[in-house]
Structure formats: C-alpha cells, structure tokens
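Below, each structure is written out as structure tokens.
Consider the two complexes below, in which chain A is the common component and chain B and chain C are the respective partners.
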Partner chain A sequence: MSGERFRTRQSAAASLLIPLLLIAITALIGANGTPSLQDTVTAILCNLIIVIGLQVYVGNSGVYSFGQLGFATAGAYAAAFLTLPAAFALLQTPSLPHFIVDAHLGALPSTLIAAAFSALLAVVVGLPLMRTSTLAIPISTFAFLIVVYDVVANWDRVTGGSSGLVNIPTTTSVESAALWAGAAVVLALAYKWSASGYRLQATREDEVAARSIGVGVMRERLIAFGLSGALCGIGGALAVHQSGVLNPATFYFGATVTTMTMLVVGGARSVFGAVIGAIAIATVNELLRSVENGASLFGAISIGEAPGLAAIGLGLILLATMIAMPSGLSGGREAGELTWLQRLGLSAPAPPPARGAAAAGEPAIDRPPGGALRAEGISLAFAGLRVLDDVDLGLERGEVLGLIGPNGAGKTTLVNVLSGFQAPDSGTVSLDGADLIGRSPARLAHDGLGRTFQTALPFPDLSGLENVAVGAMGMGAGRRRALATAADVLDRLDLLEQARLPAGALPAGSQRLLGIARALAIGPRYLLLDEPAAGLNEAECSQLVTFLRNVPNDFGCGILLIEHDMSIVMPLCSRVQVLDDGMTIRIGTPQEVQADPAVVESYLGSSFLAAVDA
Partner chain B sequence: MLELRDVRVSYSGIEVVHGVDLGVGRGEVVGMIGPNGAGKSSILRSICGLAPSSGRVTFGDRVLTGLPPEQIARLGLALVPEGRHIFKTLTVAENLRLGARQETEAVELMERTLSRFPILRERAGQRADRLSGGEQQQLAIARALLGRPKLLVLDEPSLGLAPKMIDVIYELLGELREEGVTMLLVEQNAARTIDFCDRCLVLSTGRVRAQGSRGELQSNHDVLRAYLGRQP
Partner chain C sequence: MTALGQNLIDALALGSLYALIALGITLVYTVMGMMNFAHGEFIMLAAYALFVFAGLPFGVAVACALLTGIAIALLAERVAFRPVRNADLSAQLVTSLAVAAILQNVVTATVAARPQSVETPAAISASTNIGAISVPNLEFVTLGLTTIVLGGLGWLLYRTRTGLAMRAAAENFEMARLLGVRADRLIATAFAISGALAAAVGVLIVLQTGQVSPTMGLTPVLVGFVAVVIGGFGRMFGAALGGLLLGALSSLLAVYLPEGLVPFRDAIVFTFPVLILIFRPHGLLGGEIGRARV
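The block that comes next holds the complex of A and B.
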C-alpha cells in the first residue's frame, strides 16, 4: 500500500520534526538564559500557541478572522479564575460563583478546562458567524473581539474590570510552554492532514467546487473555528500563568495585529509558517525593543531612545514580506515540502501512486442502486429574461443522455438547477421519487449527483491526487479509502503521473479531466458533465470518449453530457435532447437529431452538414 | 513584427516550454496547435507578460521581456484570453468603452466595431454575464479591437462554442484577416486552424515539432498523425 499516500513518510516526518526542533531550540536558549530571558522565551512560546491556533482556522479556510484573540482572553480569564488564591479572589472578583473560586485547580487541569471553555465559546459564537459570507467573517469576528473586551472590561465584580487581575499563580515554565507548543504543532498538523482538514482546504481553494463534492462549507469552518478557539484558549491560559497578571487589553488589538503579522510573515497555509513567523517576529521585536529603550548596537554605535521603533520595524517587515514573498517565509509549505530540503535528501517528494495500488472498482461510497433522475416543468427567468421554459428531462440509471443547443440555450442553467446551485422558479426535480428541490449542492452530492463545471475549477494548491481524494472525503470517506479511490480513477484516466503536481500547474485540459475524476470520486449515481472536451484536441477527445463509454459500467452511474463537439456526443449518447432559447426543441437518437432541419438551422450550422456529407 | 528567441517558461521550478523560436510578420496569421500540455497557452502568456519566462521577446523594435502586462498591452498587443474574461457585471457598452485606448477616438471606433458585431449593438445595455458564450466571445474580440491593436493574440477563440457559433467567429476572424490584421492564435481543432492560418507551428511537450504553411502541413501526414493523433 506504499503508493497510497499523499506524501512519503520522510516528508511527513520532516514536516513534523522540524517545527518541533525549532521549538526545542528556542526553549533551550530560554532555559539556559537569565531569568528575564526565560520569561521572554516563555511568553514567546505561549504566543506561538496562539499563532498556531490562528493558522488552524485562517490557514486552512483561507478566511481571515480577527476574533481569535477573544478566545485567548476567554481562556486566560477561565484559567485565572480557577487558580486565583481565595483571598485575592474575594478582593478582586467578589461576584464570581463560589464553585469557581473554590476550585483552586493546578496548572494542567485549569489549562485543560480553559481550552474546553474557549472551544465551546468558539462553537457557540461560530454557529451564527460561520453562516456569514467569506467577506463578512473578518468583520463579524472583529466585532466579537470588541464585544469580549467590553464584557471583561466592564463586568467589574466578576472580571475585575479594566484594572484587571493580579497575583495569579505563575506556574508556566519554559519547559511546560514548550511541551504545550509541541502538542499544538502535532494537533494542527494532524488536523490539516485529516479528511476534515482537507475538506476545509478544498473550500479555501474553490468554494463552489467544494460544495459540488459534498463539502458543507459552514460545518468544516465551524470545526476549525472550534479547534482554533481551543488552541488560542490554551495559549491565553499559559500566558496568564506566566505573567501572573491579566487585564482586558492583554489580548486585544495589539496582540491581534502582532499574531496576524506573525502568521502572514511566516506563511498562513502551513503550520511550519506559523512557527517560523512567530519565532522570527518575536525575536526581531525583542531586538528592536531593546534598541528602542536606548541600547548600543555592537557596542560601537550608541543609539538613544527611539520610541515606536519596534512598531515601525514590524510594519516594514510585514510590508516587505507581502511584496517580496506573498506566501510568507515558508511559501505556505510544510517543512517536508520545501524543495531545498528535498534536494538535501532530508525529505523526498511524493512519488506517483503505484499503478494498480488501488482496489480497483471498489467505490469509496456504497450507494444502493437508485432510480431515475427526473426534472419536470422547470422554468426560470433572470430579471425577466426567460432562461428555461417548462423543460422536462429524464435520465435512467446507466444511460448517457446528450444535452446540446446553441450558447445561451439554458443547458448550464439546467445543470445548475439539477445540482442545486440554482433554484428554479417552478418545476420539480426528483431522484428515485424523492423531491430534490431546496436541497443544497453539498446535500445533492451526498444524494449521488456529481458534476463538473465549464471552467475546470481545480483546487490549485492541492496536488492532483489530493484534488480527487477530497472528492471521496467530501462523502465522508477516510483518508486511506479516499486515496485508493482517487488513485484508481486517475489511473483509468491515465493521469496518475501528473497527479503528483499541484493542480494549478497542470495544463488546462488535464485540469478538466481532473474535474471529471473528482466528480467520479464521490461515487455518483448521475454524473453531470458540462463541456468535458473543451480544450482537448482530437486525440484526447477520442481517449475521453473511450473512458466515458466505460463509466456507466465501471462506476454504475448515468451521464448527462453537455458538449458542442458532435464527435463526442454522437458515439456516446443513446438519446440527445436539444435545447434552444430555454425550450426543448427535439429529443431523439443522435441520428434523428442530426438530421433534424430545426437543429441544423439553430445549432449545427450548414457547414456541419457539409462536413458530414463530405 | 513579433519575434521570440529561445523562450523558456517554468512554473515553480518545472520548465514547460523549452526554448521556442517564433516569428510573426506584419499582416500574417500564425497558429499554434498541439496536444494538451504542449505549452501553447504558456507561450501566449509569456508574450503578454503573464508568465515568468526567459529568452527574448521583441515586438517591432521594443523588447517585451520583463515588461508588465499592461505596458505590453499599451504597445498594441491585444490578448483575447481563453475563457474570455469579460467584465461580467458591467454592461456590454461599458466593456467596450474600457477596451478603447482614448475616449476621444472611442466614439467613431466604437461605431465601426459595433457595425461589425450587430448582436453587441443590440445588447449594448445588458450586463455582460447575461450574454451567451458566443456573444461573450464576440465581446472579448470587439473589446480587444477597440484598443487598435497591431497584433491580436487569441487563445482558443472557439472554446465552448456551439458549432454554428464557431462558424460565426471564424467568419469574423476571416474578415479581420482580409483587412490585414496580424494574428497569433492557439486552437485545439487542428484541421480548422491549419486551414485558417497562413502558417502553423505544431508543438508538443514544450517544443516546436514542425512548422509550415497551410499546404505543407496539410500534406505532411507524419506531423498530423504523430502530434495530433489524426488518421491520414
């Protein structure tokens, strides 16, 4: 089963061990330093956990959240309440419930409870927020950050108000912070490489395509939001047990900007990026601050106090990184994916999956054999313009139905209606007798409707293999099974070798075939193909015909085929339906349709007839 | 007019075009054909400054290599990209106006262009994404023409079009050819492209495998079979 991996064992190990090594080195430097250096390093490591928490959500979803520090605040207050000595608690937080005051927990249980509390808060807050659009989430999470601040700053008798809390036990050491940071790296990578993590990354790469393979965008975002909340809570809890003091502004605007800068400079898409960004920026920040306070550089040049130097320096670093390295220092890659590391032989690129490694014919999803797909009386108008006018369509199990017609006839719109991307004004769609109208695209993918798009819509940053495997993962398949399915489908399309590369680097025609493979990986009952042959030459078209001819048998699904190339439509389809101006003008065998004067007039054109005659 | 010398294109360290030479003379129509992944689109993108490349691209007496895309466009090299890339939420008329280089000459030029594309005149007030695929392709070509290009670069102008609409588009391109517009185009349909162009290059896996005039290629069955998979 060696071929059924996204990455080699070496590469995965490097991706895991190199960040851990960086954390260990940082911790060692701190542990052997002066007490003040120890404090600084411990604080850096606590902050690192928060940055990893940010990465889990922002990096995998591609959506910026400015509210994660609110969860650090929540975790910090929770941990402080649970550990505050009774005498100080009475003084500072008189209205705090007794069972919390009396808890007097140790470092570990208080951190764990803080993590759970932050995660719960993240899920509760995320439930409504994750429903908002990709553009609204940064704003709504920012609002959440402000709300958290206002609550803790004004709820004087519980939180100590704006003066904050003091005399919190300082239990976090360099070692414990490093251990937690290591655990955060492991957790973040495990999530990123899980089926759920891949589903979320698919939504980052292309939301529409992700929905078409059954990924519930809101659900996946919520999972990462919760996990991110837990990590931020841990970071906050450890930080408060390092400094011993806490006030509402500890994790507010300043910390939000700093941690976001660390993530962006390091490269948001990788955990490695979060680690190097956090360590690098924190180091530069400390150096700048010591200069700011009037230190001498190399003992030679003495610089007077330069207030604001650290802020200006950080701003310039962020700006320079955004211009020179838009994907961050790590290039958005994990340590094991770095090419220079692979050149050194410390890591290896993923080999193409072995031929035949897949259990051929074993679908990722077992579906009971279903009945026909039917659309009846579908009508739809855009701004008064009739696009579909009382269209019927029926597709039997295992049948290949062609859908042709002039550009603008409504073919793609009809597929959008069938796959749930567009609600019709009237009419019904049913599968095996069940009404499908009103179901989301993701739900319809689970019902067995797979589709491709007129443009290929690949997940450009994921490899070809990952692109297809995510299709099976969208259906809930585990990693191993998803990979087997993906390798099998790609092998049949002769795409295995190319599938190692990021999909964005593949030529347009291959991206298109990848889209078909991805749709097949969900194990569809019906496959809706929107111009699969566009961008392929004659030889590739005939290969595609050979492949598609076997699809009903190999994958047990019917095909609805939109295509302008008659050399594809004619040999594949048992029936062809012709749309013109939103209406069905003809249904028949390929021969009948080709000979129909109305079809020739509106669609095929006289030069087609001439070519057929010749 | 356009001259490529040893052009190489690589994406993230992987070279996909390995040293291609290409020349297009004034008034000439040159086509590029070849299988998926041959590097046709990459070459077009490198000419227009959209892909990182090495080698030398000259246009008239200007060196294009290293210039940003918008500056290359201002020199009179217009790309009609694959997938059309019209401004979807703007109206047809707004799309066209954005194609014109100077507002002053736009009115007269727009009039001339619209008479060539009657369907666009009919739909001038409509949002561009409400047009059919064929109409959008016409809009993309019309928008490119409004910039008074010296060279029109077309990436798969027939992609996703109904057979009849392909005839319409090629009839239009034929008219432009008669008027002496210089064109460089990439297409999948080898037979049509060889027939339409004065000269064609056959590419595969990033190299020029053959080139010749219409007559030369149509009689070269080896080329057709080996690189285009066509039976003689």
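The block that comes next holds the complex of A and C.
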C-alpha cells in the first residue's frame, strides 16, 4: 500500500506555503517601511515565533500552558548574556561566569544556544509537570512563569535584577526574523504531521483511547513541551536582539495574555491559525496602541491618552472569540484544509484510499499461534462493594471467547483489569507467560493487548484514516507503515469510503467499527471487545460478525467478546464464560451455556427462552 | 520559644488568608468545573472599592467592598462564564483569563497603573499582647474570619438544601439538573459567595499593605490555584488545607530562610507544590480530574 497519503501533495503544499507567504508579505511591508515600522514588524515576527511555539504544545496536546513565556525569558537572557559587550556586562551582571561573559557570540550561535538552553529547561521542568493532570498543568506552568520572573528579578548580580539589561547588540533584522519565523512554521508542521505529533493529537482528542493504543501521554507531552520551549527561546532571543533591552517583565503576564490571545483567536489547533492570529492581533494591537498614545484616528477623531486601552481591547477580543468562535479564525484547520481554498482549486481533498490492498483470505499479520492471556483469582471491591470475586479467565490465541452476564456482573471491570485501566485488589494476569499486573495501559498495548470501549471514543477531529493509523503509530510505526496498516484494516472493514472524513462526523455505527479497526491496527495478540455491536444496525451487525470471524486467522489474535446480543455471541464464540455478581457461574460451549438453567435464570431470562421456542 | 510561637501565629494567619482565597476558587470549581482566573480581579476590585469609598466610615466602606465583590462576580458569571459553561476546562480557563485581563486594565485605564494608598483604621494596625507574644489585631481578624467562613461553608454544604444541591452538582451536574436542581441559580449563588470571599480577602490585604494596585490580584489567584491543586481538585477542605500549608510555608520561609535567599521566597513557595505533585499527581486529598473514566 505504498503511495497512500494522509493528504494530497497539493493540500500539504498549500498548508506549508500559505503561512510562509503571509510571513513573507509581512516582512516585505516591514522591510520597505520607515525604521519604526521595521522595528514593529520585526517585533511582530519574533512574537509570531513564540506563538508558533505555543501552538506546538497547546494546539497538539489540547492542554493550556501559561508558562511558555518563561522559556522566552530564558532564551532572551541566554542570548543577551552571550552577546553583551564586556564593558556593559561587568556593570550590569558582575557575577555572571566569565566563560559566558567572554563568549561574545554572533547572532546565529547565540540564538541556537538560547534555543538549546530553553529546550533543556523545558524538558527539566516538564518532567515533573507533565505527570500531573490536564487541569493541573496550566496552573503549575503558571507557577513556573512566576518562579522564573521571581528568580530573574531578584538575582541582581547575574541578571541585572528588575531594572534589566540594556546595550544588548541589536542584530535581528526584518529579514532574519522572517527566516526564523519561516523555519518555525516548517518545524511546527513537520512535528504536527510526524508520528509523534499524531500520537500527541490523539491524546488531545481522547486521552483514554490514546492510552489504549499504546500512546505514552506524558512522553508525548514532554516532547512537544521541549520543542515548544526551543521555539519560545528562539523568539525571545531574536526579540531581545531586536529591542536591545530586556527586563524580567518583558515576557511576563501581559505577554502571556497577548500570545495566548493570538493563538486562540487564530485557532490553536493549526499552525496556520497561529500565524494568522499573531499577525491579525498584532495589527489590531498596534492600532489600539496608537489610540492609547493619543494619536488621532482617521485624522479626524482625536482621543486623549488612555493607558490600558489596548489590553482591554485584546481581552474583549479573546473573550468574544471564546464565546462565539472557540476554534478561532482558522477553524483549527491548516491552510490546505480550508474548503474555500479547495473550491478555488488551490488545494484538493484527498480521494478515498485505494481498495484491494488486502487480498481476500490473506492474513494481515502472520504470527505463529500459541500462547494465552490468563487471569487468575481476580478480586476487586469498590468501597466495600464486591465487583469481581476470585474470577479466572483464559483466552487462547486464535479463539473467540464470549463473556456474558447481566448488567453489573463485572464484565467491563474485568476488561479494565486485563487492560491495565484498573488495578485488582488481588489476583494475577499473565500474557504468554509474562506477569502483567502493575503495567500501564499503554505498556500493555505494546505487550499486545488491544481493546475497545463501551462507547466508540473516536478521535473526532482526526480523519478515519488518521484514527486507525495512530493505532499503528502508538506502537512506534512510522507514518508510511502506519498508513499502509490503516488502509488495509479499513479495507477489511469496508470503511475506506469514509476514511477521509473526520471521525466525529461519521455515523455511530461507523465510529464503533473505527474503534475496532484502531485497536486492530496496533497488531494485538489479544483483542478485548466491549460490546462492539451496541448501536449498530442489523446490516452492520452481520457485517461485523463476518469480519470478526476472520480476525483470529487474519490477525493471529484471540478475541474476548463482551456482548449482550446472543445472535452475535453464538456464531462467533467457541466458548462462553458467564459472569454474575462478580463470579464465574459457567464456562462452556454456547450450546452448553444456553442450556444451563442457572445461566437462564440469572441472565437470559424467560423471554429468551420464549424467543428460542418461537 | 516566644519567637517560635510568634512565627507560628504569623504562619497560621497567612495560611488562613490563603485558605480563604482557595475556598473562593474551589467553590466555583465545585459547581461549574471552572478554575476562575478572574478571582484575583474580584479581590482587586473589592480592594479598590475601599479606595474609592475611603471617605466613608470604615464599616460602610467594607460593606461597599463586599457588595462590589458580589456584584462583579455575578456580572462576570452572567456575561462571560455562562456562555462557556459547557466548554472544556481549558476553554473556560482561557475565558476567565480574558475576563481577568479586561478587569485589570479597566482599573489601569480609569484609576492608574501605579499603586494607590488607602488609609486604614488604627485599631487594626495595633497589636495585642498575649503573654510575651505580640499579635497584630489583623491576624485575629483573619483567623476569626477564616474560622467563621469555614464553619459557614460547612453548614451551607452539609446542612442546607442549597448545599445538598451544590454537592450533587459537584458529583454529576447533568444528573443534578435532571433531578430539578436549578443550575442558573445554583451557579449564581456559588459566584456570589465566591465574590464575597474575594471581597473579604481584598479587604484583609488592604488592611495589611495599606495600598491597592491593578495587579494586586495576580499573586493571590496563583496562590489559590496552587492551593486547589495541592489540595486535590474539587475538595473543599483540601483546598483550605492547601492554602493553609502554602501560607504557613511562605510565612516560615520569610523567617528561617538564609538572608541571601529571602528574595527568592515566592519562587521556593511555588516550587513546593510541584514537589507534592511529583509524588501525588492528583493532590493531597486526591481528586477525580484526570483519572481515567472507562
């Protein structure tokens, strides 16, 4: 399945070139303007790099950080220290180590070192912070911002304290800022479209589902945090070499609100959004500031000085955006994904992936048979309420084991225990002989455990193809191999036609099938399906049965099937295990189980018997 | 021994102040799931009410501050937060950041960016001697107020119908709504109480520092956020405990830190929660946010 792509070349090119073009136009306006306009435009471009840095983390992870300007501060001070002329350095930063004072680097090396320093700081800070929850991260990063400010403002003999540094060489020109901004766009898009970028976007879309396909949430967040730190550091370094002055408040609360506004107004999910947001808000900001300084508007209305006006304006714009247009001007799309652009013929949506990759009957994965997933003596109680009581379970490779029982019998809880989402109070789980207890869901996915959930849990903003490809990427597959795997699995499930649409736009039945395809894309040795037929119509149900029948053979895996619909359980399962009240009450062939009076009593009920008789 | 007692009372007083901030933030979080960045600006605006009404008797000015805090909280809820009630946590957080930026700069534009001094009653600045320990009267006020607020909130939450509705809404907002809890009124009530708590904090800060400034809410709101995080999200008394710990730490560091490090006190205080989060990623009293829902 080579040659399959996530997007057309045309769309990718448009996504890359349009932001670059916008930057080039901005730079051209600046380069041909008055010196003061040149300064303004250079500053805007430096800011734009910081906003792109913000996008890399916030946009892809969906987790807000209020601390990224701390990395801009770090980059700015690093760059200033490395370039400050010796005479000024002695006065302003007497305790700075000599090797830094004597460095006297040029613009490029100082910027690169600043980037490396900020990235390193981001990784060190991120290591503990990324462990915390989605809501704790914004707050702890905000705390980091204040810590940076506090340290820089009070470490007088090294940083120059709250009065800051002056006489820093001004080496950043419009052109160099524009080049760096262009590089930032390329880097941000390359990351977003990389396997690692996709894995992080999956955690943004649904953290639980992402963990089930082997994505290490903390690791992916940390990678983006580090990259974001580097970009913010570059922005800070370039900005300080543009203005020539730096103090602890340069990149502090005000700048945090401004850059956050730029990102949110443009649309945090896309690099394109970061670029248009930064340029649009900077323009508005300049206009507001000229009003603030008492300039006359349109030559006629003259307004007195009004400090704080620009900030109020930005605050109102941010508020209005959050209320009326939360996905921003870009709608969260890259330039090449804009429908009006596609209508103009400047970009094109990709056609559905080609059929026929999977030759009928040909196994997708060739794996020697043998091995088993075993659980022994699993017991679990929630607040004293017994949910699982000494349950054993054995799933052989290549078989389909049904798990049935009334609501509340503990079926889903057992699957949660097997897949690492829930630790049992006692008991052991082993996979092909290896002890699994205590391993994280992501680790278990790598060990060969795939699962679906009672609800589909799609990654709504990603296309069907991307949803399934991320499954393979979660296992460490590169883009190309992940694409081939995804197209193959989707073909087998007859989902190729819908593969280009965002998963969130698909009908419920397709979303469910997509969830199964995603779990299969990790190449599981054991697949745990939690009510896969819930919400499917009759035609989809029979299609699912036909598909699942071939899965053990084609994918070389065993299936544990939780299902209420006996018309699905009966034809698929070689054995059925019945849970009731947290205990196994029967294991046997479907026929044996159906005939067991205790099972009928507890679960199938008289209506089932009546239906069978009829 | 005397010094130790003195320092402990100071620590308790600052901790109580921080607990009041954390309670105001966590109350709104409990019913609406929003971490309110603008809480600091509620504090700041209430403090400015003291500045504006400085000519009136102090008791009247405090009443005005209280009304200001409640009014601005209700206004912000109605205009800004109600439309994003169903948005995700991050979107709500950014919305409240916008509100904070607007309120802060409105004060900058209408009053001034620089701090303004406010005259406070002499009785509050005085101290009372207990044995060898001299306790500033303000610390009595802070401690007394925190005790009353904690007791009052406990009574509200566990002894009244409104409190029952709040606890139900905290568990499952949609279900509480289906069962007849009037969401709008419940959330408005929470904001009103939160605004009143912010006003109390604003008054206490003015009494302590004798001045107001547009950015005076920034540190308190961060303190409150961090306290809520280390206490465990949505745990009312966890937040109070977090505030108490943070305040006590800050106060004791001021005394026991080597001289060269004293300027970095805030940096150390705000690094401390990170240490807690490394070992307890969901806060001291646990919280459900971020836990897997499967």
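One rule holds for everything that comes next: the second predicted complex is superposed on the first by the 597 of 614 C-alpha atoms of A that agree within 3 Å, B and C clash if a C-alpha of one lies under 4 Å from a C-alpha of the other, contacts with A are read in each partner's own complex, and residues count from 1 in each chain.
Basically, a residue touches a chain if its C-beta (ideal position, glycine included) is under 8 Å from a C-beta of that chain, and two chains touch if they have at least 3 such contacts.
Quantities reported herein were computed from a predicted structural model and do not represent experimental measurements.
In the superposition on chain A, A:147 makes contact with chain C only, while chain B stays out of contact range. Counting the residues of chain A touched by each of chain B and chain C gives the higher count for C. Legend: residue contacts after superposition of the two complexes on their common chain; A:505 is shown touching chain B, with no touch to chain C. By the touch criterion defined above, A:376 lies against neither chain B nor chain C after alignment on the C-alpha atoms of chain A. Of the two partner chains, neither chain B nor chain C is touched by A:581. Contact with chain B, but none with chain C, is seen for A:564 once the two complexes are overlaid on the shared chain.
In the superposition on chain A, A:389 contacts neither chain B nor chain C.
Contact residues on chain B toward chain A in their complex (touch as defined above): 11-14, 33-38, 41, 82-83, 130-135, 156, 159-167, 188-190, 228-230.
The touching residues of chain A, when paired with chain C in their complex, are 62-64, 66, 128-129, 131-136, 138-140, 142-144, 146-147, 150-151, 154-155, 207-208, 211, 253, 257, 260-261, 264, 306-309, 311-312, 314-316, 318-319, 322-323, 326, 412, 416, 421-422, 441, 453.
Chain C meets chain A in the complex at residues 35, 80, 83-84, 87-91, 93-95, 97-102, 104-109, 113, 214-215, 218-219, 222, 225-226, 228-229, 233, 263-264, 266-267, 270-271, 273-275, 277-278, 281-283, 287, 289-290, 292-294.
Of all the residues in chain A, the ones that touch chain B in their complex are 339, 382-383, 385, 404-409, 454-455, 501-502, 505-510, 531, 534-540, 542, 564, 566, 602-605, 607-608.
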